[in-house]
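In what follows, a structure is listed as C-alpha cells, so that the remarks can point back to it.
Order as written gives the chain letters A, B, C and D; numbering starts at 1 within each chain.
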Amino acid sequence: MRTYDRNADPVEFGRVVALTDAVFAIALTLLVLDLALPATAADAPLAVALAGAAPRFFAFAISVAVVGTHYLANHENLSMIQKIDSGLLGLTIPYLGLIALIPFAQGVLADRPEEPLTLALYAIVLGCASVIAALMLWHAHRHGLLREPLLGRDAQYEILRSGLPIVVFFSSAGLAFLIGGWTVLLWVSLWPLDAILARLQRRAA
Amino acid sequence: MRTYDRNADPVEFGRVVALTDAVFAIALTLLVLDLALPATAADAPLAVALAGAAPRFFAFAISVAVVGTHYLANHENLSMIQKIDSGLLGLTIPYLGLIALIPFAQGVLADRPEEPLTLALYAIVLGCASVIAALMLWHAHRHGLLREPLLGRDAQYEILRSGLPIVVFFSSAGLAFLIGGWTVLLWVSLWPLDAILARLQRRAA
Amino acid sequence: MRTYDRNADPVEFGRVVALTDAVFAIALTLLVLDLALPATAADAPLAVALAGAAPRFFAFAISVAVVGTHYLANHENLSMIQKIDSGLLGLTIPYLGLIALIPFAQGVLADRPEEPLTLALYAIVLGCASVIAALMLWHAHRHGLLREPLLGRDAQYEILRSGLPIVVFFSSAGLAFLIGGWTVLLWVSLWPLDAILARLQRRAA
Amino acid sequence: MRTYDRNADPVEFGRVVALTDAVFAIALTLLVLDLALPATAADAPLAVALAGAAPRFFAFAISVAVVGTHYLANHENLSMIQKIDSGLLGLTIPYLGLIALIPFAQGVLADRPEEPLTLALYAIVLGCASVIAALMLWHAHRHGLLREPLLGRDAQYEILRSGLPIVVFFSSAGLAFLIGGWTVLLWVSLWPLDAILARLQRRAA
C-alpha cells in the first residue's frame, strides 16, 4: 500500500488537505447563492423582500454553522493523521461529494422550510458525511496512519465524538417529522457539545 | 486549549489560512456573477445594454475594493499571529460566512442602487465582518497567540486600525439614508486611510 | 528549458499543484448546481420532486466518482514527478479546461438521460482528459522530469494504466449507442480496475 | 515598507500566491457556466442543440487559452520575485478583479458573437489585466523585490514580453471593428509568440 507521509511527502499529503479545504470553502461560499431575492419580489420594497427572505437567511446561518462544525472536526481529525494511504484518499472523494451536497440541501430547506422531509434530507446528508468521517478516522487507526496510536480513555472519547454526530443527525432525520424546525437546534448544539467533550478528553489525558 | 503553531504545525496552521484565502478568492470571483446582462436587454444593442448595466459595474468595482481591503487587513493581522487555537478557529467560521455574504449584498446593491437600505445592508455585513476581525486580533492578543506582544503605541495603533472600519461601516449604515450613494466613498476611503495609519504606526515603532 | 523542481522551487512547483487541486475542487462542487429541483416541480410535494430528480442524483454520483478517479490518477502521476517544465505547464491548461467541462457534460446528461449522444459527449470529454494526462506523464518521462526513471515492468504497467481509461472512454462513446445507460458502469469500473493494476504493479516491483 | 520574503515569510508570501491561483482556478471553471444549453433548445435533439451552441464552445476554448496565457505569464513573473510588499499586494487586488471579469466578457462574447463591440470589450479587459501585470513587474524591479536584478538584454526582453500583450490587446480592441472574429487569432497567437521570445531571451542570457 502506497502511503504519503506529512513530513516525507509534503506535496502529496498537502494536496489532499488542499482539496478538502477548497471544497469546504466552495461549499461555504455557494451557500450564499440561495440567498438571491426571489424575482417575484422585484416590485416589493427591499425591506419587505428581505423580511420574506428571512427563512433563507436562517437556512444560510444554520448551514454556515453546520459546514463550520464539519470543518473543525475534519481539521482536528486530520491533525492526528501522520500518513495518507490510498484507502484514506478513496474515502476522501465521497466525503467531499457529501460536503458539496450541503448547499443543495440548504437550497431545498430554504425553498420549503415547512416540510419536515427537507429537514430529514438535510440531516441524512450530514449523517452520511459524519459516517465517512468516522470511517476515515477508523481506517487511519487500523492501518497505523495516526501520529500517535489512540489508546484507552483517549480512544473512547474519539469513538464518542465520532459517533455523536452520526446518532444526532440520523435520529434527527426521524425527529424532524415530530418536532419540525426545532430539529436544527439539535444540529447546532453539536458545536458546543463537541467542544465540551474535547475539553473533557484533554483533561483525561 | 489545543493550539497550532505556524512553525511546529505548518499543515494545521496553513489549512486555516488556505480556507480563508479560498473564501476570499471565491467571494471576489462570485462578484462577477451579478454582472450578467439582464435578459430584458437581449434585443438592445450591446452598447445600450452595457450602459444600462453601469450601476452593476460600479457595484462590482466597489466590491472588489471592499473585499480587497478586508483581505489586506486579514493578511496583515494574520502575519502577526504565531499560533491558532480553537477560539480563533471558531471565530474564523462566522468571519468567512460574512465574507461569503458580500456577493449577496453586492447583488442587492446592483439591483436596487437607488434604495438607501441596500447600502445600509451592505454596510452592516461589512461592519459585522470588521467586528469579528477585531475580535480575532483581540483574542490572539489576550491568549498570547501573537508573534510579538502588542505594547504601548503599537497596541494603540492596532486598536485604532481595528476600530476604524467598525465605526465607518456602522455609521455609514445610518448615513446612507442621508447621503445615498456617496456612502461608498466612505468605504473606499478606508483603503488609503489604513495605509496612512500603517505608515504612522511604522514610523512610531 | 526552464524547470521548476519540487524541492528547489517549492512555490513554483506548488502553484501548479494548487491550481490543479482548486480546479478539481470546483469541478466537484459545481456538480451540485445541476441538482437544483426544477422550477416546474415547485408545486409538487418534495418527495415527488426528489423522485423526479433521481436521474440528476444518479448523474451527480457518477460524476463524483469520475472526477474522483481522475483526481486519484493525477495525484499518483504527480507524485512521480520531480520537476515541472514549460511543456508540462502548457499541457496543464487544456487538461484543467477539460476537467472544468465535466460539470457541463453532467448537466447535459442529467437533462437528457435517455439520449445516447449525451453519454458519448461525456465519454469524449473524459477520454480527451485521459489523453492529456497520458501525454503529461509521457512528456515527464521523455524530458527526465520523473523522480525515478520508469523502467521495464514498471513502465509497462504505467503505459497500461495510462492507456486503459483512453480505450475505455473512447470505446464507450461508441458503445453508448448500443448499451445506453449501462455505459456508466464501464466508467465507474475504472476505479477498482486501476486499483487492481496498481497492486499488481507494486507486487511486480 | 513592510515586505514579505518568500523564504523568511513563507505563509505570508504563499497566501498571495494561493489567492492568485484560486482566482485563476475559479475563473477557468466559471467559464463553463456559459456553456449551458439554452432553454429554448430543450425540445431540439441534442445534436442540433450542441451545434447551435458551437459559438459558445468556441468562446470557451478561446477563454481557456487566454486565461492560461495569463496564468503562465503570472507564474513566470512571480518566479522572479523574492519579496512582496504592500504595493505589490495592492496591485494584486485589481489584477484579480480583472481576471475575475474574464468569464463575464466570455459570456457576452458567447451571447453576441457577431457584434465587434463584444470582442473589443473582451480585449480591453485583457489589455487592462496585462497593464497591471506589467506594473507589478515594474514595481518589483523598482523596489528591489526581484530575486536577481533585471539587467541589459534580459531587461529589454522582459519589457518586450510585458508590453507585447498590452499592444496586442488594445490594438485588437480597435481592429475588432475591421476584422471581426479574426481578432481572437491575435489573442491566441500571444501564447506561441511569448514562447518564442522566452526562448530567445534564454539564448541571449
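In this section, contacts are C-beta pairs under 8 Å (C-beta built on N, C-alpha and C of every residue); 3 or more make two chains touch, one makes a residue touch a chain.
These numbers come from a predicted model, not from an experiment.
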{"item": "Copy-to-copy rotation for chain A and chain C - C-alpha atoms, rounded to a multiple of 5°", "value": "90"}
{"item": "Same-site or different-site touching of chain B by its copy chain D, using the half cut", "value": "different"}
{"item": "CA centroid of chain C to CA centroid of chain D, Å", "value": "25"}
{"item": "Length of the line joining the C-alpha centres of chain B and chain C, rounded to whole Å", "value": "36"}
{"item": "Contacts with 2+ other chains: residues of chain B", "value": "14, 18, 22, 26"}
{"item": "Residues of chain C that touch chain D when the two form their complex", "value": "2, 4, 9, 11-12, 14-16, 18-19, 22-23, 26-27, 30, 86, 89-90, 93-94, 96-97, 100-101, 103-104, 107-108, 111-112, 115, 117-118, 121"}
{"item": "Chain B contact footprint on chain A (complex, rising order)", "value": "6, 13-14, 17-18, 21-22, 24-26, 28-29, 31-33, 35-37, 42, 45-47, 50, 60-61, 64-65, 67-68, 71-72, 75-76, 78-79, 195, 198, 202"}
